[in-house]
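Note that chain A is present in both complexes that follow, paired respectively with chain B and with chain C.
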Partner chain A sequence: MKKVWVLFVALIAAVVLAACGGESSSAPSQTNEGGTTEAGGGEIEEFVYASTSDVAGLSPILTNDSVSANVQEHVYETLFERDTDTGELIPSLAESYENPDELTWIFKIREDVVFHDGTPLNAESVKYTFDKLRDPATAAPRASLLEPVDEITVEDEFTVKITTKYPYGPFLASLAHSNAAIVSPTADQAQDLMSNPVGSGPFKFVSYTPGDQVVLEAFEDYRDGAPDIKKLVFKVVPEISTAISMLQTGEVDFIDNLPSEQIARIESIQNVDIEKKDGTSVFYLAFNQSRPENQDENFRKAVAAAVDRDTFVGKLNGLGLRSDSVLGPMVFGYNESKNAAGQAYDPELAKQLVEENGYGDRTISLLTANRDNFILMAEIAQAQLTEAGFNVKIETMEWATFLDTARAGQFDITFLSWANLTQDGSEMFYPNLHTDNIGSSNRAQYSNAEFDELVDASRTSVDQEERLNYLDQANGLLLEQNDVVVMYHGVVTGAMNSEYTNLILEPNGKWTLKDVTRK
Partner chain B sequence: MSTTFSVETPQVRTKKKDRFVVSTMKRLLKNKLAVVGLIIIAIQVIMALTAPWITSYDPATQQLTKSELPVMSEGHILGTDNYGRDVWTRIVYGAQISLVVAITAVTLGLLGGVVLGMLAGYYKKWDAVIMRFVDLLFAFPGILLAMLIIAILGTSLINVAIAISIWSIPTCARIVRGSVLSIKEKEYIMAMKSMGASDLRIMVKHILPNALAPIIVFATMRMATAILSTAALSYLGLGAQPPTPEWGAMIAQGQDYMWTSPHLTVIPGIAIMLTVFAFNVVGDGLRDALDPNMDLN
Partner chain C sequence: MITLIVRRVGELLLLLLGISFLVFGSMYIAPGDPASMIGGPTATEADLENIRENLGLNDPFLVQYGRYLGNAVQGDFGYSYQTKQSVADAIAVRFPNTLKLAIASMVVAVVIGLVAGLISALRHNSWLDFTSTTFALAGISIPNFWLGALLILVFAVNLQWLPVGGLSEPFYTAEGFKQLILPAITLGTGSAAMIARMTRSSMLEVVRADYVRTARAKGVKETKVIWVHTLKNAMIPVITVIGLNFGFLLGGTIITEKVFAINGVGRLMIDAIAMRDFPLVQGSVLLVATLFVVVNLIVDIVYTYVDPRIKYE
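The block that comes next holds the complex of A and B.
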C-alpha cells in the first residue's frame, strides 16, 4: 500500500513541477544567436522576424493577405504611402500629382529609382503594373483597387496620366495599398514574381523556402541609402508561444500581432521592447440581416444593450480601443461624436426587451472563428446574452470555413473584423456593408438603400471634406439602428529585441524594418 | 469456471454467479493499485452526481472582474479562469461530461462490437465479411478515424461519443470473436445444440456470459481511452463547444495563460490524468481477478 501512495504522490508532484517549471524557465535568458550580438558598427548582420503563417506568394499583383504583404512591403514600393503618425497620404514613388479635373489624375514619378534587376522605374513600369493588376485575365484578388480606372497613358518618361470612369475619392488611398506596388516589368516577363520577386524597395530577394522562410538582403543602391540590416529573414513559427520563447532567447528579433493573453508574459521579458499604436482594425458583432428575426430593430437593440463592451475591452490588457464608432479613430471618416452613439450597456433594458418580445424562445446561433480573440468575444457575449435571457449557442469554426459559412449567411449573429489597410472609411463600408457585396464580402447580408447611397457618395466624391461628412452620416445610420455593435478597435503591436530601435509601426498593422538600427 | 454456468438450473446459477462475483471482487480488492483506482473512480462518480450541491457557482457564469484568480483564492478554492469562472465548479461539471460521454461511447462501441464479434465467431460464412470490415476500421489510426467521423458529422459532444464508439468497435469485435470461437466448440454448447436450442438462445444465454470476462476488462480500459480521446478532441476544438466545461477544452483555453496562470492547464490536466490512470489500473486489476488461472497461484 505504501508503495502505491509513494508512486501516486510522485506522479502528482511530477505533473505539478513540470507545469511550474514552465513558469520559472521564463526568466529571461541572455543568450543570443544568429550573429546578432556583434558589438560596435551600425550593421546588423542578420535580423529575424517570426510569423505564425507562411506567405501565400511574393507578387503584390497576385496576393492579398497581410503575411505576404509584410514581405512585399520590404521588396516593393507604392506610389503613395501613409505618414505613420498623422495617417496623411504622402508621395513615395510619386513625386507629385495634380487633378486637372475630377476624372483625371496626373502623376510625376521620381526619376532616381531603379529596380533590383537594374531596370529603371518610370511611367512605363507604372502603366505596366496597373494594367496587369486590372486586367481580368490576371484575376488579381485586389483588382478592385483600380476598378474605377478607365485609361492609363504614359505622357513622358516620368509622367503618367490616369483617367477614372467616375470621380473616385479614395484613389490615393488605393494607390498606397501594398497590392498596388510597382513591379519590374522586365522581371515580370522573365520570371514568376510569386517565388522570385523584383521591386524597388530597400530589400532584395534572396531565397524562399515554402513553409520555412523568406530571406532578403539589403539593396545597396536603394535611393535613401541601404538599410542597416544586411540579411532579413521572415521565418515561419506556427505557434505564437514558441515565437515568444524564441524572442526571449534571441533566436528571433521581432514579432508582431501580440496576443492580449500573452502580453503580460512578453512584458516580463527583459531584453524585449514592446511597441503599441492605435490601429485601424475593427472587431464587431454583426447580425445576419437576411433573416427576418434579425431585421427587428428591438432585437438588435436588446443584443447591443446586453453586451458589456467596456468590461470586455478591459480584458484586452490595453490591446483594444473602446468606441462605438464603426470607423475607428485612425480611419478616415471617424468623428468623435460617434464614440458613444451606439446603444449603451443596459442589462435591465435588455432583459425587459427580451421578456416583452419573447426573444428567449428561439435558439440563436452565434458563429465564431476559432481564433483566440474571436473566441474571447464569443464567450463573453454568449454569457452576457444568456444573462439577459437570450438562448445562445456558440458554433466555432476554423478560419476559412468560418469565412465561407458567414458569406453564405448561415448564422444568426457573428463576430467580424476588418483590418482596413487603406485606412479609409469607404473601404470599410463598401466591401462589408454595401448591397453590392452581399454574397461576397458583405457577410452581414446588410442592405439599406439610404446607407448604400451615402457610401456611394463617399466613394465618388473627390472633395475630402464632403467625403468625411458622408462617411460620418453612414456611420451614424449603422449605430442608430444597432446594425453593427462594435466590440473594439485594434491596437497594433510589435515586440523587438531591445538591442535595436527605429521600428516603423503603422496603424493598419503594417510595419517596416528598413530604418532599424542598433541602439 | 466456464462450465459452471451452462447446464445448472437458474437458481443455482444465480448463486454460483454471486459466488463468482464475490470471489472476483475479493481478488480485485487484494490488488492495491486497483483499489486506489476504484476510489478515484468512486470520487469522480460522486462528484458528477452531486455537482450542483458541492459547488456554489454555475460553470458558465462569468465574473469578468474576478478573472485568473490563483488557487486558494477567497471563495474560489481552485481559482478562476480567464473569464472569472470558478475552476472547481468547471472541474466538477467536467467530470459529469467526461463520464457521460465515455459511458455512452463505450456502451455503443460494446453493442456494435459484441454483435459483430458474436456473428463473426458463430456463423462461419459471415466471419470473412465482418472481419474484413473490422480490418478496414483497424486500418485507420484511432484518433484519425474519430476526427474523420467528426469532420463528417460536425463538431459536438454527441458526435464525439459516436466517433469514439465506432473506433471501439473493431477491437471489441475481435476480442468477442476470439472468445466465441473457442467457446462454441465446448461440449455444453454442443449439448445445447443437440437439444435443439435456437442460435439466438445459445449466443445470448450461453456464449455471451462465458465471454464476459474479456469484455468487462476491455470496457474498463476503454473508458480510459474514451475519456482521454474526448479530452483530446475537445482540446483540438472538435468536441465540446464553449462554454462547456470539458476538461480538454479547459486545457486548450488555459494554455494561452500557461505562463501567468498555470493552474488553468495543470488542474484539468491532473483531473484527466487521475481518471485515466484509475480506469487503467482497475482494468488491469480486473483482468488479473477475472483470470481463472489466478486461483492456481
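The block that comes next holds the complex of A and C.
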C-alpha cells in the first residue's frame, strides 16, 4: 500500500517539476511568440493580432463579415477610402474621378500599382472585379453594393467608366467598402481567393490554417513603401479573457473590440496601451410597427420616456456615446441639433401615459439576441419599463434565430444595431427602415412614405449638401415620432503592446496595422 | 470476435444513416437562415435569395437530403457554406488537435483517477479516503471554464511557466508538451474524479468477494491479492467509464477548446451550428458518432481480455 501512496506523491511531484522546469525556458520563448523579437531599426519581425472568430474566407467578393474584412483590408485595396479623422472620402486606388452627368462616373486609376502576383492593377482589373461582384452567378453576399451599376467600360488602360441605372449618391461610399476591393484577375482565374488571396495591399498572403490563423508578410513593393511589420499573424482566440491574458504575457500584440466589462482589467496591464475613438455603430430600441398597438404614437412616447439612456451609457465604462440622433457624429448625415431631439427620460410622463392608456394591461415581448451588450440593454430596459407600469417579458435568442424571428416581425420591441461600414446615413436608413426592405433587413417593419421619400432622395442625389439635408430631415422624422430610441453610439477600441505605436483605428471599427512601428 | 466486429460495423452504418437523417431534418426545421449568416446584416433580400439558390437551399427537403446522401456514399461530405472549404479538410485540420487533447487528458484522468480510487478503497474510511473522495467530488463539481481560467491566471499569466493557449506545436517537442499541460489537466480533472469514484466503489465491492477471502486464506501475498485478484476484477466498470469518457473527449470539448484557443472539432461544431453551416454540422456529428461506436467496440474487446469469462458469440 505504501508503494501506491509513494507513486501518487511521485506523480504529483512530477507534474509540479514539469511545470517548474518550464520556467527558465518558457519565458523567453513566449516573448518570441509574441513578436517582440528585436529586428533592428523600426522593423518588427512578428506581430500577432488575436481575433475571437475565424475568417469566413479571404475573398472580398465572397464574404461579408468584419473578421474577414480585417484581414482583407491588409491584403486588398479599394478605389476610395475614408479619411480616418474627418471621415471624408479620399481616393486610394483611384487617382481622381469626374461626374460628367448624374449617371456617369469616370475614374482614373493609379498607374504605379501592382498586385502581389506581379499583375499590374489597371482599368481591366477594376472591371473584372466589379463584374464578378455583381454577377448573379457569383452569389456575392454584398452584390447590392453595385446594384445601381448599369455598365462598366474600360476607356483606356487606366480609365474606367461606370454608368448607373439611376443617380446614386452614396456610390463613392460603396466603392470604399471592403467588399468592393480590387482583386487580381490573373490570380482569381488561377486559384481560390477564399484560401489564397492576391491583392495590392501592404501585406501579402503567406498561409491560412482554418480555425487557427492567417499569416501575412510585408509586401516589399508596396507603393507607399513596405510596412515595418514583417510578419503579421491573425490568430483565432475565441475567448476574450484568454486573448487578454495572451496580451499580458506577450503572446499577442493587439486585440480589438474590447468588452466594456474587461476595460478595467486591460487598463491595469502595464505593457498595454488602450486606444479609443468615436465609432459609427448605433444601438437602438425598435418597435415592431406592423402591429397596430405599436403604431400608437403615445405608446412609443411612453416607452422612450421610461428608458433612461444616460444611466445605461454610464454602465459602458466609456465605451458608449450618448446622443438621441440615429445618425451618430461619425456618420455622413449627422447634425448636432439632433443630439437631444428625441423624447427625454421622464419617468413621471411615462407612468402617466401608461396609466391613461392602459398600456400595462398587455404583455410586451422584448426580443433580444444573446450577444454583446444586448442582454444588458434588455434587462435595464425591462426594469425601467416595469417601473413605469409596463408589463414586459424578455425573449432571448441566439443570433441566427434572433435574425429570423426579428425579420418575421415576431416581437413588440427589440434592440437592433448597425455597424455602418460605409459611414453614410443612407446606408443606415435604407436597409433598416425603408419600406422596400420589410421582410428582410427592415426588422422594425417600419413604413413611412415621407421617410421613404427623403431616403430615396438622399440616395439618388449626387449633390452631397443636398444629401446632408435629406438625411437630417429623415433623422428628425424618426426622432419626432419616437420610431427609434437610440441607446448609444459605439466607441471603437483596441489594446496594443505599448512597445508599438501608429495603430490606425477607424470609426467603423476597422483598423490598419500598415503604419505600426516601434516607439 | 470477428462476428462482433462485423455486426458493429453493420450497426454503425445503420446508425450513421439514422443520425444523418435526424441531423439534416433538425437543421432543416431549426430557425435561422444559412443565407443570412453568409450575407450578414447588410445583405439585401435579393442577395440572400441568390445565395439560397446557389446553395440549393430552395429545393425540397428530400431532394436536399437525397443529394447529400448520394454524395456522402461516394465519400464527398460537401463544402462548408461559409468558408467553401471541403468538410473533410475542415475536420482533418482540427481532428489531430482534438485527438491529442483527448489522449493527454485521458492519461491525466486515468493516472490520477486510478491511483486516487485505489488509495481510497485500500484505506477505506481513513483520512486518505476522505481526502481523495473530497477531491473527487470537487473534480466533478468544478466547471471546466472556471478551472481553465484559473490555471491560465496562475501558471501562464502570473508564474509564466506555461503558454496561455494554442496547440500548434507537435506534442513531442518541449513547447508542444507545455501547450498540452493546462488543457489536459482542465479536461482530465472531471474524468479523473469519475474514474476515482468508480475505482473506489468497484474495488470495495470486489475486496469483499469470496474469492479474495479465499486467496488471502491460502496465504497469497497482499500485493498479488490486490493487483491480480482484486484490481483486475474491479476493472470492468472502470473501463466502461474510461471508454465513455474517451468517446466524449474525441467528440471535441467545446469549453476547453475555447478557453485554451485550441482549434479542435468541438469548436468547429459549435461555430458551424451558430452559423447554420449544415454540411459542417452534419460531417462533425457523423464523425463523433463513428468515433463513439469505435471506442465502444474497443471497450467491448478489452473486456474479453480483462475478464475471460466474457465471450461474444
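Here is the rule we go by: the second predicted complex is superposed on the first by the 480 of 519 C-alpha atoms of A that agree within 3 Å, B and C clash if a C-alpha of one lies under 4 Å from a C-alpha of the other, contacts with A are read in each partner's own complex, and residues count from 1 in each chain.
By definition in this document, a contact is a pair of C-beta atoms (placed from the backbone, for glycine too) under 8 Å apart; a residue touches a chain by one contact, two chains touch by 3 or more.
On a predicted model such as this, the values are computed, not experimentally measured, just so you know.
Number of chain A residues touched is higher for C, counting chain B against chain C. Contacts of A:L193 after superposition: neither chain B nor chain C is touched. When the shared chain is aligned, no partner comes close enough to touch A:I413: not chain B, not chain C. Contacts of A:E395 after superposition: chain B is touched, whereas chain C is not reached. Legend: residue contacts after superposition of the two complexes on their common chain; A:Q262 is shown touching chain B, with no touch to chain C. Touch criterion met: A:D404 reaches chain C, while chain B stays clear of it. The interface of chain A with chain B overlaps its interface with chain C at residues 1, 3-4, 8, 11, 15, 19-20, 22-23, 26, 241, 398.
The touching residues of chain A, when paired with chain C in their complex, are 1, 3-5, 7-8, 11, 15, 18-20, 22-23, 25-27, 29-30, 33, 53-57, 62, 64-65, 136, 139-144, 147, 192, 194-195, 209-213, 235-239, 241-243, 245-246, 248-249, 251, 398-401, 403-405, 407, 418-419, 421, 431, 437, 439-441.
Chain C contributes residues 30-33, 36-48, 50-51, 53-54, 82-85, 89-90, 93-94, 111-112, 115-116, 118-119, 122-123, 128, 149, 152-153, 155-157, 159-166, 168, 174-175, 178, 181, 185, 223, 257-261, 263, 267-268, 271, 274-276 to its touches with chain A in the complex. On the side of chain B, the complex with chain A involves touching residues 32-33, 36, 60-62, 64-65, 67, 82-83, 155, 237, 241-243, 253, 255-260, 262, 265-266, 269-270, 273, 277.
Note for the complex: chain A touches chain B at residues 1, 3-4, 8, 11-12, 15-16, 19-20, 22-23, 26, 241, 259, 261-262, 264-265, 308, 311-312, 314-315, 370, 372, 375-376, 378-380, 382-384, 386, 393-396, 398.
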